[in-house]
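What follows is a set of structures to go through.
After this come two complexes, each holding chain A, first together with chain B and then together with chain C.
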Partner chain A sequence: MFDYRVKFDQSGKIIYSNAPMIPAQHDQIDRYLPLFYDIEALEDFDLKALRPYECHIGNKKYFFHLDWSFHEIDNMRFYELLIEDRTSSYNRLQKERSKKNTLRLEQDYLIDRLNTEVEEKNEARSDNHELKTILEHTREGIIYQNQMTGEIVKANHKALELFSCQKVEELKSIQHIHFNGNPREEYDPKLFVHLWNKERKREAKEEVIKLNDHAQKEKYFSVRVVEEQALKLESLNIIFVSDITNEYQSKLELKNKNKELLQYIESNVQLEQFAHVASHDLRAPIITIKSFSNLLKEKCADRLNDNESKYLNIIKENADQMFSLVSDLLDYAQINSQKIAFKKTNLQFLLEGVIDSFRSIANQTNVTIEIVNRLPEIVVDDVKLKRVFQNLLSNAIKFADPTKKSFVKIDFAELDDKYEFMICDNGIGMKEGSVDIFQPYTKLNLQTEYEGNGMGLAICKNIIKQHKGEIYYKSTYGEGSRFVFSIPKEL
Partner chain B sequence: MKLYFIDDDEAPHIYHRLMAEESGISEDQIENFYEVDQAIAKLEGQINAQDLSQWPSYIFVDINMPYKSGYDFVKEVEALIPQELMPVIYFVSSTKNPSDIQKVEAIDIIKGFETKFLESEFFKSLDFQKN
Partner chain C sequence: MREIRKKVVLFGNVGVGKSSISRKYVSNEFSETYMSSLGLSIEKKVIELANVSVILMIWDLAGEIFESTQFQGYIKGAHGIVGIFDSSRPYTHDLLSKFLDDSIDCPHIIVGNKVDLITSEAKNELKKKNVEYFTSAKTGEGLDEAFRGIIDKMISEEVYV
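Presenting the complex of A and B:
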């Protein structure tokens, strides 16, 4: 029953052994089987309940079943260890278990694979359906092209429609029509192959081409070639085409308009520069005439007869008027040529300063000036805005009605996105007419009645325009005028 | 006190002479130059000769002149004249161009910027004690 026996005394010393792994003499049993270290405890231990004892002898692995017994001689207890070699039966058992496991695993794997394939097939069917729907309903023309030969394999309805074709075969002829060379300069009969070769990049690149469709109608197309790997299709180019004829032509028109506009701006700038230089250079001789005619009048007044004095006065007055005209023209040209310098400005202080400068003339003409609501502190070009107040106040005082008690009222209102400033007077007002009073040199009165060159409001309009604001007026003849200008809150 | 006028135009010279005389400045106190180089040569000559008897207290210089402008004059004067001898210099022009106003403000040795023509009242306001 048992293959080997080992006898040992109660000190653990081996007395007899026929087990090849345990020598018979001078050895303690616990050296080989640590379980037997505490022999007293061993008596309470059920060895059979243990797993097979596993050990290596040489390179071979053994499984043993252990049992034990004891007997007493002269009060000495002797133990016998019974060792049964179960190596072969255990190996066989393990092999059988392993085989069963492998079979179970294979079976599970096959079931999983089957399920996955079923799922994939369902998904593919669904994807295919979706793709078909997208292809036929997209607004882009989609063309499948053999990457090597350039042959068109397939195209959606939109692509056929874009090139005025009924079937794919007709579409193929598009490749061979003459390429106009604008905006591209080269002609390649295999147009799309050409595109593809040129754009052999990993990303799809859009290009505008101009060609005649199947009905020989000139069109502009936006073409995008996507590499086949991106769509997992072997050796195919996917070409996305959109008709951008309208957009492209609008773009060209816009470009031409912009060019024209730039030319106008340039000529306008040149004109303003000319006005500036001309008015600047004209001032010098006029000042000379003005100053010397004054001098002559002063020095020779007593020596001139009436006619001579009259002639001298005419020279002087005309020199004064020419000086005024040229100075205003220079002012107007300077307003446009000067850069605008925005800064936070207390308009109340600014306006009070302007009113002070008019105080004397206002008193002389019996005009009262009143600021209705305190003006705010906002971002403006203070020098230029001062000029606006000066011009509008000057006009309001100049055109006061001498037959009534005249007033000028300045007010302001804060709106959502802008500030509005109002300059109202009860002066002579303006007759209705088609004259644009904001144009340079526009006058509604005779020079003999009211001095001025009609540049003040033109200058105001330009300054307000530079502030991205608006200026307008309302006037009733005989009752007065109301000028309103606005400055946006965000400049 | 000497006054130098630098201008390429004859009229301002005549007018300013008259106005200066009206304000009490005598004819021999006025020197007229028609271009920048003439005035520079006069100044340089006095420095080299170490004779400052004709040295100007005031210089009135036009901005726009052929060959060399008022700005060229200022550059040369800054290099030529030591600070302690620097006369009072005014720019005189027919127009107060905003870009000129800005430029002039940045030049220390320019006392002011006046528009033509200068009247006798202006000359009367000058510091006659200045040598």
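Presenting the complex of A and C:
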């Protein structure tokens, strides 16, 4: 049954062989049959179970059935290997098995591919369903456009609604004008066609278009084309559209109003600059008129008749009034032109200083001035705030009622986010009316009754405004007035 | 220089490329024609390391043996196991991985062969399954690294023991 016998010792050295493929005697057995690289370890192996044993000897491949036995002589072990050469039959079997296995592998591969495809299709179906739901329920209009022709292929319900269309065909007839930047001649005015041209192909830039919808209503739309590769749709562009007509018109309106406001601000600044320059430059000639009319009165008083003296007095009085008017105007203009300088100020000391300067006139007019609660130390522009107290105190004293015992009371209150200051008097008060007494040159009384040009409160309002505060008043005719101004804690 | 012999058994499903890996690694030969292994084939390769010469006896088992009851007989005395699967057929990994976890207690590595047939994304997916070595018997890619990997494991096991 076995074709060949090979004998070798325990070191693997071949002693005998009648196998033509293992011709060398005294050579190592594992050179031909690597299985025997560790003979000792192999002793437990049943070589009959290792079938077939495939080995390459020279350039040829062999399939063997092996069996072996051993015997000992003088403590030396000798092995007899029996070889059955089954190369030809196993070559046939190998070919058949390879063919079978190849088919099996191909079958496995096909099943695997089929399973993958089924999974992918299921996923795609699920994705498609989700996408369809999203597209139909989104508040954005979505339009599909053929990349090659620019033709609108389909649109979601919202897109049709936005353009007042019933069918996709109606969308195709809508014309628009390019609205962001300069119109470009190469644009086809058909809806969105320009958006797929080569230079824009890979952009997802948003732009605004203006058009008359299918119902001929003028609308503005925000349009965004999504890069086709991002959605892995090779032949379609996806255009997202939103109606921004109201938003756009509001934006436009706001833009116009801002422009108008800027013009007002500019003209106001110019006017203030003019008032400052004019009042400043007018003071010099008025002073000259005042000086020379005084000089004329002193030097020529005895030479003027009654009428001439009267005329000279009129010139002098009007020059004085004009000087006062121009000075107040200059003050008012200066309030706005001067930079505000905030610093921590003890208002109690500041107010006491102001009251001291009014002490004499207050005594003359029999007016008592009282600080009810001690004023705090806060951050203000001390020079300007002093002016506010001066103007309000001056008014309170000026408009004191001579028929009763007059008083002026100054008080303050600390609120959460601001300080409030009150100047109250029991003077003549004011009649209710539509006149805004905080406007420049606003007077409620005749010039002859009370001196002043009506600039004091206007100056107060400007200063309080610069402090980001508010000023208002309450007054009852015949009973007195109460002026309140506030200064925020955080300036 | 010290000489050590190590029996390394290659195993895996039919058609994953065990014989191709063995032939390419030992003899630098590769054939496009698929020939199914029938039983056992043994190749010898000597690897010289810094202080040791490793004689690697690579036992290449037919895929059918892997599925048979005789398998334990073949891996008896093995110092290391190289489990091979076909990267282009991921299910061959799942079978192998389960078998290694359940039945093998000697040093072993898992090798994804036919890496030249898969994409880098698929390779990354397999890396997530703790596949450390990727080879291509066709191009020879990764073979030295994989066998060096099992040698290192076997040697470190020997030192430890």
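As a convention for this text, the second predicted complex is superposed on the first by the 315 of 491 C-alpha atoms of A that agree within 3 Å, B and C clash if a C-alpha of one lies under 4 Å from a C-alpha of the other, contacts with A are read in each partner's own complex, and residues count from 1 in each chain.
Operating definition for what follows: a contact is a pair of C-beta atoms (placed from the backbone, for glycine too) under 8 Å apart; a residue touches a chain by one contact, two chains touch by 3 or more.
Every value quoted in this text rests on a predicted model; they were computed, and no experiment measured them.
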| item | value |
| --- | --- |
| First (chain B), second (chain C), both or neither touched by A:334 | first |
| Per-residue touch tally on chain A - higher for chain B or for chain C | C |
| Chain B versus chain C as contact partner of A:379, first or second or both or neither | neither |
| Chain B versus chain C as contact partner of A:97, first or second or both or neither | second |
| Which superposed partner A:105 touches (first chain B, second chain C, both, neither) | second |
| Chain A residues within the chain B interface of the complex | 280, 283-284, 287-288, 291-292, 295, 330, 334, 338 |
| Interface residues, chain B side, partner chain A - complex | 9, 11-12, 15, 18, 94-95, 97-98, 115-117 |
| Chain A residues within the chain C interface of the complex | 30, 34-35, 37-38, 41, 44-46, 49-55, 63, 90, 93-95, 97-98, 100-102, 104-105, 108-109, 112 |
| Contacting residues of chain C [partner chain A, same complex] | 5, 7, 14-15, 34-44, 55, 57, 63, 70, 73-74, 76-77, 89, 91 |
